[in-house]
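This is the structure, below, for whatever I ask next.
Letters A, B, C and D mark the chains as written, and numbering starts fresh at 1 in each.
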Amino acid sequence: MLENLKSEVCQANLDLVQEGLVIQTWGNASGIDRRRRLVVIKPSGVAYDGMKPAHMVVVSLETGQVVEGDLKPSSDLPTHLVLYRAFQSIGGVAHTHSLYATAWAQANKDLPSYGTSQADYWYGDVPCTRPLTPKEIKTDYEANTGHVIVERFRKLDPMRHPGVLVASHGPFVWGEDCREAVHNAVTLEFVARLASETLRLNPRVRPLPPALLDKHFLRKHGPKAYYGQR
Amino acid sequence: MLENLKSEVCQANLDLVQEGLVIQTWGNASGIDRRRRLVVIKPSGVAYDGMKPAHMVVVSLETGQVVEGDLKPSSDLPTHLVLYRAFQSIGGVAHTHSLYATAWAQANKDLPSYGTSQADYWYGDVPCTRPLTPKEIKTDYEANTGHVIVERFRKLDPMRHPGVLVASHGPFVWGEDCREAVHNAVTLEFVARLASETLRLNPRVRPLPPALLDKHFLRKHGPKAYYGQR
Amino acid sequence: MLENLKSEVCQANLDLVQEGLVIQTWGNASGIDRRRRLVVIKPSGVAYDGMKPAHMVVVSLETGQVVEGDLKPSSDLPTHLVLYRAFQSIGGVAHTHSLYATAWAQANKDLPSYGTSQADYWYGDVPCTRPLTPKEIKTDYEANTGHVIVERFRKLDPMRHPGVLVASHGPFVWGEDCREAVHNAVTLEFVARLASETLRLNPRVRPLPPALLDKHFLRKHGPKAYYGQR
Amino acid sequence: MLENLKSEVCQANLDLVQEGLVIQTWGNASGIDRRRRLVVIKPSGVAYDGMKPAHMVVVSLETGQVVEGDLKPSSDLPTHLVLYRAFQSIGGVAHTHSLYATAWAQANKDLPSYGTSQADYWYGDVPCTRPLTPKEIKTDYEANTGHVIVERFRKLDPMRHPGVLVASHGPFVWGEDCREAVHNAVTLEFVARLASETLRLNPRVRPLPPALLDKHFLRKHGPKAYYGQR
């Protein structure tokens, strides 16, 4: 079942490695079939070498129970499920420990938008969650990771901020599908590094002017977009 | 028409990716046929994978209207046109969001010349533009990006400073043709990183001595050049 | 003799280069056959190009004498032997001068755990040894390097801290076998860089909360582990 | 003539690019035949792509006149010649603008030895020259670059400090032959980066203890060396 989605999700996981965002087994990507309410995700702790679509695990959006697949799903599955349930518009999720985005997460800081590179993708900061409480860590840790993300987005549109930094952990990024989630994860890593290098040159740098943020985000996104071939 | 120029411009765009200066679709290179007053540029938002000369767009230098090509030209086309009109000696333009040059642009700082590597290509600083005003951003943004560059070059010779940093955005670089524009973009990225690393080691470092700047720039450029095989 | 172990050790040495942890001849990996009390290690100062299992040197765990092999063993052999004798649970050791781990060693600082990436592998800091005394350097330097490591682990479990920074020198990393030692060396280099980038963003950052350290280390290690496919 | 030496020098120049020490045409390597008093060097400003031994230029050690070759020698030839005349024991020279070594040169700072990686190759600091005077720059610039290097080595043994940083310019590195010069240039770039990263972590770090410097340098160099297979 869901052969196309399994292929896409498998490829997205391999692309995370290819793009240099994932070493060891530190990452996972998933995709959802909204109509069937099923999520496809990478298995837990499996080497990328030789990973095939048939290794992907199909689980229920509601229960997280495995519907198809011989392997245990990624231990981060409950985080993905919380995101899919809360953010109706997203179709794919990618989690990495990519270097610079993770450094911002470990610094427990929102990633400010210092230029047009970030403004083309995020309508402002890449938000950072609050730390989880010891209680949230001890019980249902992975689901609670999802809940602090959703809490952080109370006043934010997930399609205008297609990713988040989880404090002391790393980024979760999403998009219309898992391919776009990986694309946005690549962008996040680049702009995280760019912001680090900018801050080093000018520790008092301010976020880019609001008019420039509007121009760049809205020329690529929404009804007045004119970037690209559409 | 302009088959040679389309091939050169296509190759220049692919080289920007190959050289690590462009990820995603964040860059564009163009070239001009001065005699016919036509500019060839990359299409907007198109993937580099499989990009061919036939995808290049031919536009009028005066009007920016498409003369040949099935795709929309790069959204940055108006910036390129302003540069070609103002700087008569340039034959190619490359725009990237390369990491270190963009960090300097986001820091809103001229890039000082700390050594002979930069002095071989720029006769002093790589200048940074002023920020655009909200009004300049809202109307004719891309053309106004060109205008603030030209304004910054009021007292500078574009052949002695073959590139600029646009504040909060990134570099535009040029040369005799688009191949040289890419070559200079590679140099700019290297010297931007070099200056960042130098500043970290010695925050009070001063630009290189004027005699050394003269020696290195003028042994490669102008009538007394003796570097290379000419 | 020990053909399998010689193949594994040879491959581990080549992997150190492949993973970017070793340049020139600055690294060595070894493995042990606990039953026969024999250690297999890379020869000293030999180029990696063309290195084969037959070049590996077999030595006695007790005496360090060569039991098989035409080449001199790595000059760091005495360090490896001290580690194998003191840490009964380890089966492989890797020594590198990988960039960021070595920078922390040269800074003479324990590497704090700022996030879950490190907590997945080290149960807290990556410890740094004290400097060797001039006397320890002049006589039996390489064995004494092992002794200061063992001294630093008086209150630490080597399986919960699978590596160390030797002051002014670089990391020694270990694991169940030499393959895992290399895997842990890759992780150490990544988390060392991650910590450096984190500190730059937030010089007052604190180690990750104890509950999060417990959660991540213990979901991968020990009887209650649920990460992976076991 | 000198076909072997031309092959070695050509390969050394290509290796500088392969090792990531040279971009554009910013580097040159040479070798000397001491018996015939002839130096072989890369031609000036020529692309590395397609470079062949036959392109190498043979010049007289005394006069610098071209003895064989159709191309102009590297513009840095006079620097190489001064070094070969002053340092009788060297057989090859490599000049690069490699990133981190050049950053130290631009910072006008001696590169201190913070650990054993550098101590394995340099018996202490990598020295930095004084700046050239305007007069030294205007007349015989390239030869004067050699003279300030030699001046800096008045009390240093070039075989114990196989390279130097020229202020505001970049490194010159040497060795027994051009292959070893390239090898040492690779080491210099690594230890320059390592020192930068170390300083960032511990701005008050001190050079490594003298006993450790002695141990590492002398176990690889001189009559009591025991590193490697000799």
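As a working rule, a contact is a pair of C-beta atoms (placed from the backbone, for glycine too) under 8 Å apart; a residue touches a chain by one contact, two chains touch by 3 or more.
The structure displayed is predicted, hence computed values, not measured ones.
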Here subunit A maps onto subunit B under a C-alpha rotation whose angle in degrees, rounded to the nearest 5, is 90
Given over half shared residue numbers means same and under half means different, the subunit B/subunit D interface is different
Rounded to the nearest Å, the gap between Cα centres of subunit B and subunit D is 33
Per the C-alpha means, the centres of subunit B and subunit C lie apart by a whole-Å value of 46
Multi-partner residues in subunit B (2 or more other chains touched) are 200
Contact graph of the chains (line, ring, star, complete, other): ring
Each pair of chains that touches is included here, namely A-B, A-C, B-D, C-D
Subunit C partner, complex, touching residues on subunit A are 23-26, 43-46, 71-72, 75, 97, 99-100, 102-109, 131-132, 134, 137-138, 141, 168-170, 196, 199-200
The answer for subunit D against subunit C in the complex is residues 114-117, 120, 183, 186-187, 190, 193-195, 197-198, 200-202, 205, 208-212, 214-215, 219, 226-229
